[in-house]
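Below you will find the structure I want to go over with you.
Residue numbering begins at 1 within each chain, and the chains themselves are lettered A, B, C and D in the order written.
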Amino acid sequence: MKAVDGATFTVRRGSITSLIGPNGAGKTTAFNLVTGFTRADSGTVVFEGRNVTRRGPDQLARAGMVRTFQLTRVLGKMRVIENAMLAASEHPGERFVNALVPRRWKHREAEVRERAMEMLDQVGLAAKAEDYAATLSGGQRKLLELARALMAEPTLVMLDEPMAGVNPTLGRQLLDYLARLREERGLTVLFIEHDMEVVMGVSDEVVVMGEGRVITQAPPDEVRRDQRVIDAYLGAAGEAEA
Amino acid sequence: METFLQTTINGLASGSIYALGAIGLSLVYAILKLVNFAHGDFMTLGGYVAFVVNVSLGAPLVVAAAAAVAAIAVVGLITEAVIWRPMRNRGAGVMQLLLLSIGLAFVIRNLILFGWGGQEKRLDIDNTRTFDLGIVRISLIQVIVISIAAVVLVAVGVMLRSTYVGKSMRALSDSFDLAEVSGIDTRRVVTYTWVLGGGLAGLAGVLAGIFTTLRPDTGFLLLLGIFAAVILGGIGNPFGALVGGIALGLVQEWSTNWITPTYKEAIGFVVLILVLLFRPNGVLGHATRTG
Amino acid sequence: MDPLLAFGFWAYVLTVAGVYAIFVLGLQVQVGDTGLLNFGHVAFMAIGAYSLGLMVTNGIPTIVAIPIAVVLAAIAGVLLGLPTLRLRGDYFAIVTIAAGEILRILVQNRQDETGGTLGLRRASGAWRDWNDSMLDWLDGLGLRDLDRRVPLLVITWVTAVLVALLLMHIGRSPWRRTLRAVRENEDAAAAVGKPVFRLKLQALALGAAIAGLAGVYFTFLQTSLYPENFEPIVTFIGFAILILGGIGSYFGTVLGSIVIAFIISGVRFLDFPIAEDKVAALRFVVIGLIIMGMMAFRPQGLFGKKEELHLD
Amino acid sequence: MTDAPVLVAEDLVGGYVAEVDILRGCALTAGEGEIVVVIGPNGAGKSTLVKAIFGLVPLRQGTVTLHGTDVTGQRPNRISALGMSYVPQVNNVFPSLTIQENLEMGAANSRATMDERMDAMYALFPRLRERRRNRAEGLSGGERQMLAVARALMPEPSVLLLDEPSAGLAPKAVGEVFETVQQVNASGVTIVMIEQNARAALALADRGYVLEGGQNRFTGKGADLLDDPQVAELYLGGGAAGRE
């Protein structure tokens, strides 16, 4: 059985692109295939001009493609700040040979801690820094995952339903923050979302999937009028609201 | 050809014992998410119950086997009531239960050692009788082991496929919580699971005792092979466990055509590792979904 | 019992405890830090012990053979890890026991090289001479008529404490944070760029090297090696220590090994009104009950942190 | 609607672990043949409320009465036998069982009428009949939801609890689910349903509850809640402005 069957889409540098489609359309599977968590039977993934098909998820993350999960995967028995610090890239202290020699990494560790605190502050979790992540609520876990992903300083961040369970006001702030990162650092964002308001509101482009294939990829306004999309996904409700 | 057929018969016989043990282990795992390291010692205990009834009390072997099956089913139920259910209710994790079962295995094995000593015990059966079928010889014991196993395994298969209890067991193995909310009396199904899993372990222990001799570590020594059988068949899949058990017995015996028999056990483990290299979820296992 | 004899006996029991402590410190790195349920840990100790024994009986100087034995154990960890570390936790556990058994059956069958069930004699090489010179030296310091077992007792425990301190030191590094992340959730660690497979391999190899070191001291203690010294039960006893002391607690490991070694070896010293083989059986019943009791009522062990317990 | 309520939950206090109460004095009443809708922000305790009614969450306080019988703290199979069914939000079918076997599992307490009920379910959901010998794992999201509802209807319950039946479904399938709910209700089954899709759900509701922090915040007729400016502002995305 193929969850994703011949899907093709592109994400432009510096864009905010959303991936929508009915449940079981293969959105999360597409994420897994692109980020190396699932091996594709065929097809290619090109990232920043390089063919990265068949690379492992950790390699891709180090190359700048960092994702979050639909069902959050916080490290419950580690503290919130440790969760964030973990994501730091280029940390000499994470190498086995350096583990015994603190002076080789003490400086970087302090930097990382400071940046992690900033990130937590950004998502409103600074007060929870020293708590075990297991004590966070569902929405807070989503936020921690987002902070962790951004901590890795990605060029492309892929978010799987980042707003689910997050209170709407904070959700809007986070979208603004992502938009700002795009302006400042050229961050590219690809996200899966069910809330059409959010999708239509912030996306430069929308990729619509259905039954493992990409139905269309276009700016929001075009997508909304696309009869194929209305049939497969938006349905009567979409027509009524549009 | 002759030696091949002969080793095939031998393999079917030892594979039957693996399969009986493996199905019980696999059922308990599938339904209760318990990797039961005490399963081998349940088998041993079954063998010793049969020994007491058969040799100490002088009853016929058939009666002894029935007593062993019943006794281990009861042991399973007792462990469920005293250990596993209370632990599950407290939200114990898979590894916690696994380690607990290792403790239980120590206790059972050494209580057997305490009670009956370390000497080998024999059940009262003529282990010299063989039938000459022309090209191959089959011993009375092999006939008994293979035919009992075949009957029981078919019965279990039919039960799981077609009876309501069997279907409920599969439902519980899919999702315990959903079975509960569907109105299935999960406690009753768990009871049947232990009766079946424990009973099969008891029977496997008796057959192992008939096949060779009984020692306090008889079941433990078989356990690793049983785990191999379960994994080969895909963990939590009772039908796979059956196939895995028979396959393991056959591979071990066939290997003696080329390699010294003292390596027989090791061959089983080598096969296990090789299979997992290429099929990390076992031969008949499903890939677990992520995401 | 003669007090002097008794002293020697206790020295023996405590040395066994020290060997177990080192052995289980290796297990802590794998199980406690990284979440690798290695049930074949005894195999690494066997590799440390037998490679030392085989080298010294073939004329390689003991002082050279010791580091090589430890390195070989680490290499064995890498070799075992390469094909198996991608497996699920419970599969990994069973495959590692299987690998340990393959090794033991191999040792048992290669009688010409290893002595098989007859044992590998004089496996401790120059240790006896070293022991004598240390006793002489201590004698010169005024410590006369010490029990022959004292030097090994001291050295074993110094080593155990050093290994524990080393691990605690490493424990504060970001490297160990990545191990814990792997333990908690591999996918999450991979998603932020941590090389999960390599980290697991490093942890397995480090733990294996430490078990190899335990094998070296085991060889010094026993002089002769037999395949049955390396049955799966040794790993399970290691787990009993790990569970009693607390998964993740180095101090707990040290204390747990003394308690368990006392139960296994120490109770021989006490007089019971029952036959010796029955006492032997009861010791393991007690160990089984300890494992069960801890898992049921205090799964974090005596010194583990409840918040960081991971047994799901 | 009629006088004696079918289901009454009063003053529920409790949660999954002893130290943390998620429900802090919730109440819910469903009259015969009604559609009752529960809405509220994430973490308000909606799922917990429904699970507690079905005996899946330990309660420190409060009572649940079904047809006048106290069922507080009863095991789910007993509650099911008394005429209440529950459809969880996720993992609500047995993936490795066939569709027919899934339905059989719903009939644990009604084996005598099983064949008849199964025919009724196939009549209600013809798509399930076509695929009755297939494993449930191959179903689409909408079909799964149908099967889950059908399984819950097998024992002919008088009350059906639904936890976000439209969650994660395509807008198109959401409409179908709501139609199904109305159809089932028309056959006389009382429905208690949690919904994210608050507008559409309240439009169907005879009675609506808004939960927050494990307590009842607003209660009223579905239509009244829809028109209530405060509810609209807080829970329906800022009144008409929130709609396209």
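Heads up, the rule we're going with is that contacts are C-beta pairs under 8 Å (C-beta built on N, C-alpha and C of every residue); 3 or more make two chains touch, one makes a residue touch a chain.
Not measured: the values here are computed from a predicted model.
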{"item": "Intersection of contact partners for chain C and chain D", "value": "A, B"}
{"item": "Result of counting contacting C-beta pairs for A-D and A-C, higher pair", "value": "A-C"}
{"item": "Centre-most chain, if every chain is reduced to its averaged C-alpha atoms", "value": "B"}
{"item": "Chain of greatest Cα-centre distance to chain D", "value": "C"}
{"item": "Whole-Å gap separating chain A and chain B, where each centre is the average of the chain's CA atoms", "value": "46"}
{"item": "Distance from chain C to chain A - Cα centre to Cα centre, in angstrom", "value": "43"}
{"item": "Where chain B and chain C are represented by their mean Cα positions, the distance between them in whole Å", "value": "31"}
{"item": "Set of chain D residues in contact with two or more other chains", "value": "none"}
{"item": "Touching two or more other chains - residue numbers and ranges from chain B", "value": "290"}
{"item": "Residue list for chain C, restricted to those that touch at least two other chains", "value": "187, 310"}
{"item": "Partner chain C, residues of chain A touching it in the complex", "value": "35, 37, 56-59, 61-62, 66-69, 73-78, 82, 85-87, 89, 91, 93-96, 98-100, 102, 105, 109, 112, 132, 134, 148-149, 151-152"}
{"item": "Chain D-facing residues of chain A, complex", "value": "1, 21-25, 137-139, 165-168, 194, 196-197, 200, 231-238, 241-242"}
{"item": "Chain B residues touching chain D - in the complex, by the definition given at the top", "value": "164, 167-168, 170-171, 173-175, 177-186"}
{"item": "Residue ranges of chain B in contact with chain C within the complex", "value": "35, 83, 86-87, 92-100, 102-111, 113-114, 117-118, 224, 227-228, 231, 235, 260, 262-263, 265-266, 269-270, 272-273, 276-277, 280, 288, 290"}
{"item": "Of chain D, residues touching chain A in the complex", "value": "41-43, 138, 140-141, 168-175, 200, 237, 242-244"}
